[in-house]
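Next up, some structures in structure tokens.
Shared between the two complexes below is subunit A, which has subunit B as its partner in the first and subunit C in the second.
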Partner chain A sequence: MSTSAKRQLPLWEMALVVAILAAGAWSSTLSPYYLSVDQLFGSTRAFIIPGLLALGLAVVVSLGEIDISLASIIAVGTVALSKLSAAGVPFAVAAPIVVAIGALCGAFNGLLVAKWRLPSLAVTLGTMGAFRGLAFIAGSEVGYTDFDDVYLWLGSDYVFGGVVPVSLILFALAAAGVWFLMHRTGYGRRCFSIGLNPDAAWFAGVDVVGVKIRAYALAGALAGAAALVWVGQYGSARGDNADGSILFVVTAVVLGGMDINGGRGTLSGVVLALFLLGTIRNGLGLANVGGPTQTVVLGGLLVAGVLRPAAAAAIARLSRPAKTREARAQGE
Partner chain B sequence: MPTVAAEPVIPAPILLLRRIGKSFGPVRALEDVSFDVRPGRVHGLVGENGAGKSTLVKIITGLEEADEGEVILAGRAVRFRTPIEARNHGIAAVYQDPKLFPHLSIAENIAMGAYPSGWFGTVDRRAMIDTAREHLARVGSDLDPKRTVAGLSVAEHQFVEIARALSSDVRVLILDEPTSALTPTEAERLFAVVRSLRDRGTAIILITHRLEEIEAMCDDVTVLRDRRHVATLPRAEVDRAKLVQLMVGRPLEALFARRERPTIGEDVLRVEHLSLDGVFDDVSFSVRAGEIVGMGGLVGAGRSEIAQTLFGITPPTAGRVVLKGVEVAPQSPKQMLARGLAYLPEDRDRDGLIMPETITHNITLPILDSLSHWTVVDRAGERRLAESASQTYRVLTPSVETIVSALSGGNRQKVAFAKWLATEPVALILDEPTHGIDIGSKAQVHAMVAQLADRGLAVLLISSDLPELLAMSDRILVIAEGALVAEFARDEATQESVMMAAARQRGGKR
Partner chain C sequence: MKMKLLATLGAAVLAVGLAAGPALAQQKTSGFKLMMTPKWTGFPYFELTGEGAKAAATELGDTLIYAGADHAEVSLQVETLQNFVTQKPDGIILAAIDGNAVAPVLKQARAKGIVVGTYDADAAVAGRDMFVNQLSYEQAARVMLDAALIDAPEGGEIAFIAASPTSPNHVAHMKIMTELSKTEAKYKVFSVVDTQYAGDDDAKSYDVAVNLMQAHPKLKVIISSSAVSAPAAARAIEATGHVGKVWATGFALPSAIKRYLENGSQKAFAFWDPWELGYVAAYAVHQKLAGKFDPKEGAVLDVPKAGKFKTFKDAEVVYGKPLIFTKETVGKYNF
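Let's turn to the complex of A and B:
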């Protein structure tokens, strides 16, 4: 890996911005209402829930791990919220409880992965099923819809002249927080160091187990927050909530430039990728493209995201004259 | 080169090595090695770690190609490109870590590469099993050929390996440290097999660290040192002391200037009866402030394991560690770093540094907390620290933002030093600190270590480089087979005495 590895990412982020603008331009040709402020802000609601998951997943992926159980944690969260609502617990108390339940689910994943060193894909595939099963058992067959309006506010209301969704503000705060955590604090630095070389990080005094458990707990807590938004958006809680949304989440993280093997990537890339995917999905919806086709597009983008580092390296090799390669060999 | 031996008739050599030379890039791996191997005799091949023994074996068996010289087998110059080709010509090797397929049966492993075929090209299992049983019987083993290899002991692995080697007509059998993992009883059984092969006229090359084995087994001995051929002699003409002298007998290089008399203070690191089950046992020593304690021994003796246990990588199963008068139970590197112990790992590129990261990020990783205000890393302060550390330890780099993998081995090692010393330890363990770095950086590392000790740091220096160990250490501990077997004061230690202690074989169990 050369010193240019660091310079690659801003370039990628630029490419994402260009892609967002292109997707937006294409969408605006589909509908005259596309470019209205209402529509633009409103469309962001479509990716707030997977977006919150993607922020947490980005932290987990920076460690070289994965968590595909996050969508199931949403279901645990919504069902828990429905129980609290039914019990008449005020939202201000219920909301932190749901976030804490999400964090606990995440910490359980983290414990299995970090403490017992089990492969994270297998662990979270298992808990993906287990958490959703729990949500089905705890929740009712038909789903719970008797939420008080206060419970719905976070996911359904708008502020600033009724234009900006409250959930978008929640997402912006969460994104800024996770960005700060990963790119400014010692914790973030430790995450990336584990992703690059867990042995060397351990030798350097990094508490690898603790860092991993906290990362999974954070991802779980954000899934809990996403559950609050879910209830607000859909007004219902059932065991199948957010089923199948993990593809979008993983795609956003990978397309955003997080190296799936860990150690590299930026949160700004992940946020940009979310906007890109949101725009594409919104556009496909406007163009009346069906769900299955949308899934094909998402899957294709995920593969493209995974191929990105290899493609970038190949392009660099082709476009760089031999001279620079010699310079690099001398230690740049 | 061969001189007259004690025995009346000397058979004509079957394998002749003539002026073998080999380089890996700019590194000279072997230079001008010539000797003869005769049928019906055991030829010992000895030398320190890195003397070139393994490279030589690889050349003979076709794993590596020689750049210069010839291998002559039964009168014809040969040049094998693969071990299978060598085996077809009657040369087979058994390595110290057996290379078998764990999930296949013994019979399948023995037949590997030459399955007997039955109808329609299917494997004739019955023939395969019978042949395997026959070969096992020849090495005196009654193992069931249908068993899978995975459950076998190390000694049983060795027997399967030898049986496999014998499955073709072997004229030259090479054994690379075959007893390093065996108990004395198992070793004796193995040697009984070797003797019977010898008596049937097979030429045997035995690589070993153990001087007892040379005395007990060998008819001829070849000594390699610093990748060169030093001598080939009939075993009867060399005693143990002479052998050791031949193996280590280089002059102390001027590079290893000895330290001035140090001022030595209180115990900083004290280790009492430290054990790790199955790895090392009942190790006690102490390192005082300002003192460099050397730790010598053969590769695999357990030195790195002792160091890593002290550093909390693999917690001990028994014993006490006292750091600056306070008892500590090592649990993790994080905890030991906080207590003031730092460890420079042997495998710098794997454990010591994060290669794709910048110099700055590597140096500050263990001390991020002290560089942070309210968990936020002070990036300017971090860069200042990295810059001053790079200067202190003379890292040659255009910038501290350079990726570590772009640096030379010597410069990487200096970054590693900077990293561990930034933790401001009271005791420092160095595991092969000059392994694989150029001679200039080596001298700088030595000067640095001496300076650190002079400033009052307690240093434990693990090194397989005897001249380095002798020159740097105020005291030398020798580890053999997981036990502390000798301790030498600075003035009593010689290369011979340390080597002798390191190569001694314990009679006991392991």
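Let's turn to the complex of A and C:
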């Protein structure tokens, strides 16, 4: 990675931090109810489920691939959990099974993408429908609500004086784990190297197929974990669970500075982007700003995220024309 | 803090009382903060229910905020409701996307003393104080068959298009219509030949309607409880040259079927007045807050401008004023 890229990324994270603070300040002027500890912690629950998906998607995107089937894997997970609950399986056994089912769904995506070299957008568009169909067939639209309290704890309870949602702690652990994997281990470096140039990575001895399948399986497993949170938070498992949440997830990943073509980005950026989007949505929601406006804001930020590398490159070209281009060429 | 609030409240009541003249009321009877969320915003049907509710709130001296996501996703609806609860309203009015998934946040609201009323689509009973139901299942079934009788007075084969085999109201409607076609003299001219599912999807409804007409050459009427499927069936009838042979009916917004009624390819569709449904829902929540209406079985909600509505089991207040649109009447409605 070139030195200029290294300098560029923390800058983006700083910008996100500033934006979060600005959005928070703005939100507190929008609504008198915004600034309270209970409210602030409670509001994070709204983006923990997309947040878990975003962590997994960030890994997939680092490879230069995409996975839009993750929300459907949640539905498979919630329906599977409802079956296990109905069968009287203890949560401690059911939870790992659901995460494993998520990982299997993800690995199936990975197999199609990596082994048979199919375009990931087409593959996951297909499995998005297939997984959801599966959830509908198994779970039905009426759904299942008869969950034991133990099943609900993860998504509905609070700790530390009833202020911090349990699911927020799960998210923090998952985020720390994925950050470590991507930025402190050889596996993470192999992911980014495949994203930069898969052929070069292959020639360098990287098991491209294996790395990709594992990345998709990880994303699927995180979606399985999100299904556990879903059931706790909403107490309802049915085929249409989490339908339509993928825009938020993709926005968080791209706005967080993950290059959609792969090879670049940081997990801390993705987490910061999640907090930024969550803050904006929380503020707008408390000010009762309508849904269409929120969707426009979300779409606008997605475009901003996609344009960011191009804009940064343009600015760099303007300020240090020849040198930067040389440095970038060498870096890549 | 609480004392201060009470003092302010007392002063406000006093001021209102002094200004208005009459004796001071013991209980707050006006000035409630109501918050309302539909399944999703932007759809004319729900916008009208919002306008109706706002009109009721204005008349009754309440404020009403109408907000929600622009697509029907339950996690967004729960987020909206969570934001409502944070803003400490007196009452919440909603049309639930998934009645069970909204229950936890609604229970939380009720624990804080917020009165919760559902309309259009109910939530789990423990999550709300009342459900203002547009039509009872039997009323809905009867009005659709009545519309079918306008289409084909001589009767014949009928087929249903529902959203899905698990959509509770659609399934109940079809069951009752099937029974009525066997038991009640007026409806015995009909025989049910098929049931198909189209998931409230326009294109799928169209395809299903075309298939029904091919599979049943003697088919007379296609009936759907879905406001998406019924107009799509009308379009399919026109496009495949079945005008005058097959009819479509069921629930549809007048704006969606006006064209077919006016050009004569269709004769009758049914619905209810969404504006008034929203009006009654807000009225009911207000009356409950003011201590003037307790939604127990048998209780009657008196809404001067709309009528008297009876309460059934599980605090279900039935609005129950179906409308049938024909060529002559469809022009009167603006939704």
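The working rule: the second predicted complex is superposed on the first by the 315 of 332 C-alpha atoms of A that agree within 3 Å, B and C clash if a C-alpha of one lies under 4 Å from a C-alpha of the other, contacts with A are read in each partner's own complex, and residues count from 1 in each chain.
Rule of thumb we're sticking to: a contact is a pair of C-beta atoms (placed from the backbone, for glycine too) under 8 Å apart; a residue touches a chain by one contact, two chains touch by 3 or more.
It should be emphasised that the depicted structure is a prediction, and the values quoted were computed from it without experimental measurement.
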{"item": "Clash-or-fit label for the pair subunit B, subunit C on subunit A", "value": "fit"}
{"item": "Which superposed partner A:S167 touches (first subunit B, second subunit C, both, neither)", "value": "neither"}
{"item": "Three-chain overlay, vertex subunit A: subunit B-subunit C angle, C-alpha, nearest 10 degrees", "value": "130"}
{"item": "Subunit C versus subunit B, contacts on subunit A by residue", "value": "C"}
{"item": "First, second, both or neither for A:A201, with subunit B first and subunit C second", "value": "first"}
{"item": "First, second, both or neither for A:G290, with subunit B first and subunit C second", "value": "second"}
{"item": "Subunit B versus subunit C as contact partner of A:Q39, first or second or both or neither", "value": "second"}
{"item": "Contacts of A:S236 with subunit B and subunit C, given as first, second, both or neither", "value": "second"}
{"item": "Contacts of A:G186 with subunit B and subunit C, given as first, second, both or neither", "value": "first"}
{"item": "Touched partner set for A:T145, first subunit B, second subunit C, both or neither", "value": "second"}
{"item": "Minimum C-alpha spacing, chains overlaid - subunit B and subunit C, in Å", "value": "34"}
{"item": "Residue ranges of subunit C touching subunit A (in the complex, touch as defined)", "value": "35, 40-42, 65, 67-71, 73-76, 78-80, 82-83, 86-88, 98, 100-101, 103-104, 124, 164, 166-168"}
{"item": "Residues on subunit A engaged by subunit B in the complex (per definition of touch)", "value": "1-3, 5, 184-187, 189-190, 193, 196-197, 199-207, 263, 328, 331-332"}
{"item": "Of all residues in subunit B, those that touch subunit A in their complex", "value": "311, 313, 332-334, 337-338, 343, 345, 350-357, 361, 365-366, 368-369, 371-372, 375-377, 397-398, 401-403, 405-408, 419, 423"}
{"item": "Residue ranges of subunit A in contact with subunit C within the complex", "value": "31, 33, 39, 42-43, 45-46, 49, 140-143, 145, 156, 230, 233-236, 238, 240-245, 281-282, 285-286, 288-292, 294-295"}
